[in-house]
Structures are given as C-alpha cells and as structure tokens.
C-alpha cells in the first residue's frame, strides 16, 4: 500500500517508514515540521507526532479521504472528539500503544482490578530521555483500566524504548505485571497490523484492541 | 480451634503456630523429627514438612479423624493418590502455595497461556538458602498451568521468603508476571483461612483456589 | 548491656528490643508518645522515632550521660548541629541506614560517581505504607553521595521493608545497583553492632561506616 | 580506516559494519560461512563469529598482518594461547563484552568480592533466542572476577540484547548489580573505540579494560 506519515522524520516515523518499505509498501507522502513531502497520494495516513500537529493531520486525512492510524500521545479531549467526528467518514485507529504485550497487560489489569481492594498500587514507566510527555500514554491507559487514581512514577533513562510496571501489594506480598518494549519496531509492527486491518474498511472508530 | 502441626519446629510450622495462637487458637499437638508432642487431641492437622514424613501425617489424620491442610512440597504421585483416598473420610486442602497473590498469578497464567504461542517462556524462582527442594512447588504449579514444558531457574539467596517470575517474550517485547512473598506470615494467613474453610466440612479434596 | 529505646513501641523499636533481648541484653528504659517506661538507668540509648521527639532524646541522653545511636530519618539541620554538640560529651552514632549492604551500596556509588558523566540517573525507593517521610533517608544518602541533584521516585507498597535502586543509563545501556532489606531485623543487627562499637567510647561523632 | 569483518553477515557483524560506515570508515573485506568477500586489503580485522571459525581468523590476520579485535565467545584455552602468540606480531584486543557499563560492573565486582564472605551469590544472564552458547561470556567474566564458583542461570528470551544480574545475599538483605544492553549498537561502539585504540599500535595483547 501507499503510506503517508505525519512526523516522518521523528523516531517512530522513521521506524514505521523502514518497516513498511521492508514489507514492500511505499512511502509516498510525509509531513514534518519543515513542511510537506509529496510524491503521490497516500492510501493511508499514520501519525506518531505531537498533539500540536493534530489539526494538520486532520486536514490531510480529510483532503486525501483515507484511513488514519494515530499513536500520538497526550491528545486533548477536543482532539478525541475530532477523531470521533472524523471516523464517520474514514476509519480511525487510535491507541497510545501498538504492542500486543501491552494489550495482554491491559486485559490482566481488567481481570485484577476488582480483586485487589485495599491493596496498594503503584505504576512505574521508564522511557528514553527524548520523550517529552509525562506520564506516558500507556501508563495512563493502565490507570484508566484500573478505574482509580494511582500514583505514576516516570523515569527517563538513556534510550529505553518503554518499560511499564504495575505493582500491587497487600501486607504480605507484592504482585506485579511488567512490560518491556525491546525496540520501537514492536510498535511499528502493530501499526502495520492496524493498516492491514483498516485499509478496506469504510469508516469507524477503532482501538488497537479491536485490531488484535 | 485446637490445632496440630506436623513439622511444628520448622520455619513454617513455627510461623503457623504463632499466627494461630495470636488469633486465640490453641496448639495442642505436634510431630517433628524428635517425636510427638501431645497435650490434647487436635481438631485439625496442618502439615508443612517433608515428603518423607507423609506416611506419619496420614497415620495421625486417620487416628484423630480430623481435616488436613497440607503444604508440603515435592509430594510424589502415590502420595497425591493417598491424599485423594484420605479425602473420602476427612476434608483435605492441598496446595503448594497458600498466598492470595499466587492464586491471582495462576489465574493470569491461565488467561495468557493460549495467547502466547511461539513466545519464549522462562520461570525464575528465588528462595532462602534453607529450602531443600528445587524447583519450588509454586514454580511447578505455574508450569503445569501453562501446560507445556518450560525452563525453570532456581536461585537460593539468603532469607528470601519466595519470589516467582514468569517471563514471556516475542521478538519485540518481554511481558512478565511477578510475585514476591514478604514473609512466611502471608502463607500462614492462607493456612488459617483454609482451616476456617474446612473445619466444618465432612470430607472432600480441595485446593487453595477453592478456599478463596 | 542495659538498653534504653526512644520509640520503643514503634516497628523498629520493637525489632531492636527483641533482638537485644534475644542476645541477653536488657531493655530497662523506654520513651514513647504515651510517656516514659522506667525500670533502671540505661547504659545506652537508641532512637528510631520521629524528628519531633528529638529534643526529648537529647534531654535523656544528657540526663543519663550515655552513648546515643540514632536512626531517626528526616532530621533537620539544627538537629544535626545538636548531635554534633552532644557528641563532645558522649559518643553518637548517626545513620539513616544501619545495614551492611547499604554501606557497600554507598561505596559503589562513590566509585561510580565520576565515571558516569552525561548519563541519566534515577533513584527509586520502595517502603511499607506506614512510612511517613518521603523520600527515604537512605535515598537521600545515595543522592548526597552522587553529589548532584537526581530525581527520586518514592513508592509505598504493603509491608516492604525497604528497597533502593540506582539506575544509570547512557544511550546504549542501563547499569543499576539495588538493595532490598528482607526484614527490619537486618537494621536491628546493625544497631547492635553499633552499640558494641560505642559502649566503651568516651565521646565522638560516628556514622555506621565507622562502625563497620 | 578500512575494516575487515569475520562473520560480517551475522547480527553483530552487520551492526559493526553499519556503525563503521556511518562514521565514514570503509568495509573492504569479509569472511562468512559462504566464503570470502574481497574489495581491498583491510587495515584491521574484527571477529564476532564462532569459535569454530577461529583458525580462519588467525590465518587472515597473519596474511594481512593487521590488528585483531575479537569478541567471539566460548573460545577454548588453546585459542587463547594462539591469540597470545599472535599478539607478538600484531595488536590483539580480546573481550567477551565491549560495553562501558560492563567494565564498570566488573570493577564493582572486584571491589565487592572480598566483602561478601559467607553471602549467597547467584548470576542471571538473559539473551535473545538466537544466542548459541550458554552461559554468556560476560557471565563467565563476572564469575572469574568473583574468583569463586557460583551458579549461573541462563535465560533465552525473544530479542533481548543482553542482561546480566549479580545477586548477593546475607540473611537480612539482597544486594545486586545489573546491566542491560539496550541494543547491539552499544557493543559496536566499544569495537570502534578499540579499533581507534589499536590501529597505530605495533603489537601486544589487550582487553577492553585497557581500551577505556
């Protein structure tokens, strides 16, 4: 397929471009802070950039009238609203994390959440020093899934792709669930899976859970 | 209630005795390598000793005709058979681990096991230097629940009460579930719960999962 | 020896009392929020309470004219000054952590600190839910030893005795040093060692590093 | 410089080739299981392959008369002897691990080793599923540095670049030192550093500790 990427010069943008090209897809359109790259009309747009760019993404999705896969973190409520509106015309896949392991993690949280009443809960997320937002979107997804307000500690260390740990403790024991992304490639593969999932859909709002 | 303990001089035996006494139960009978302690007929027998002593335990449970809670690890197949037979006359609770966290751990394994096809799996268990059997009964429970043969690494470190970690990895990520017992007291509390659960039962074979 | 304990009803106070009695020392004097316990004049005073009580501790040390071992965390600058003054008359051992492992930890930090220029550094400390101060005194000792301002994340989980982790990362790797106290007994043993160290000293200001 | 690589089609071989080319060095010669690649005479040979290939490496180093950097693990005693002999004519850098963090790790082990008498010691190493030898060369370096025989547990998980943990425990506490390589690039950078270090040397036997 012909792919377009918002933030194609960023870390995740490059990773996605590389993986799609490796799988014989074609990078034909891009948008980054120094402007637009145009070679052909894309069949799908992927956005792993920053919330500030969201309006541009929205504009181009409407213009090309193609599916959108968005992994940008720290989106605002009104931007989620805009995505919902957009999804009436084109299919949209939104997630803060495109790894299978995190999906399994979230399902375990869902199972545990009403069995740990009175336990202490803590979340730690660790990412590379270049990550701008805190806490990570994934840590927020874990917290939301728990359905209660729990402390999140954010560590920024070297080039760590992304670690998440959920600790749960009563007075006698500590239970924990952990996830460690070994490279950004794991996320890029989730994006490819999502692209294959939406490419022939008419419209609709999906999460990565729907994809897998 | 009046409690009897096989292995009452051992680490877990003492922990159980202390907790029951703290909760106003009475330790009235015991058996250990240097013989029998008798003050009164017990209403329940708890065994956290060694497989070699199993026949003695069986003998006394029959003699007193009381419920048995057994946490001895490394039991043989024929000893499990004997427990099943015993359970026709008295209630029996058998588990390699009496903590709530491990029960939740096992349920997560149950959920994960058919979603991690092709992933690499490793189990690590860490216990105090005095633990004689390897791997731990709990590690074996985790392996059994996975339903496949996976490597178990056993570490023996100082006075660690008991740590278990299950690692699962595909090429892009590592997911793990961990449990750390903070003290033997966590297990003693599970035994007390089990005692309250079986004290008025007629007979039957139970696991700690049935108790909670 | 005859021991006096400020905060003798607290967690650490009880642990210290138990260990000293086990080793045939005698608990003869105590002070806690509901007043004084007096059976005999102590030969040494141990304080593992709160900074608010410090003036009382000071008063009794002067009154009995005996050595002081103080492990109270979150002391104020003027309280450290008072300890220095006190140490002209009696020996004083002050430390935020009385475990041997933490002493080794600090020496490793001392070795590492000028070899990790430009690395990212993070400290995590985890303690039981009853711990009132944040971050732990030990985490502060690690930070001070590093000689620079680094983030400290504080987790409060169940009945964890005390975990400390120092992470150091460049873009290619993460190095870490960790310490986990298995029980408060490890600290009580450090206090006993300190007591044996100071009991025959005339005066002076010591840390636990001097003791071992 | 003009670089030659034994095992240039392997994981580490490719990583080294990529980094050197990125830094404007030139890959001019290679050897792999399907034969030789020759474009020009190399100024240095790097070998990250398998012990079975060692004789070939030796042959080519003699033929080209250039420095050798060798990171192949599981070398035999006689192969080490051959390296020593070789180093009389050309400079040789041998190490099982070319990361700076591991060098710091080893120095901490050196500091700790005579302070943990009577402690329990365990080493865990985790690597990707493709790693053929067990335990890792780095784990062996840690064991050698300790100067005593300690258990090493080897885990093989997904695409993990390389984790090493050294646990030390007395009855009250667990101290540990950990290292996690985030990517093979960390090692490739150590190779580049080594190349710059030996390129103008006449001869001699060096380890990566000498390089940094």
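Structure notes:
Note that the chains are named A, B, C and D in the order they appear, and that numbering of residues resets to 1 at the start of each chain.
Note that a residue touches a chain if its C-beta (ideal position, glycine included) is under 8 Å from a C-beta of that chain, and two chains touch if they have at least 3 such contacts.
If you're wondering where the values come from, they're calculated on a predicted model, not measured in any experiment.
In a homomeric contact, the two copies may use the same or different surfaces; for chain A and chain B, over half of the interface residue numbers are shared, pointing to the same surface. Rotating chain B by 180 degrees superposes its CA atoms on those of chain D, with the angle stated to the nearest 5. Note on chain placement: the centre of chain A and the centre of chain C lie 44 Å apart, centres being C-alpha means. The mean-CA centres of chain C and chain D are about 42 angstrom from one another, to the nearest whole unit. Taken residue by residue, chain C touches two or more other chains at 158-160, 170-174, 182-183, whereas all remaining positions touch fewer.
Chain contacts here are complete: no pair of chains fails to touch.
Chain A makes touch with chain D in their complex at residues 158-161, 182-183. By the touch criterion given at the top, residues 99-102, 104-105, 107-108, 111-112, 115-116, 168-183, 185-186, 189 of chain D touch chain C in their complex. The touching residues of chain A, counted against chain C in their complex, run 119-120, 122, 124, 126, 129, 151, 153-160, 167, 169-174.
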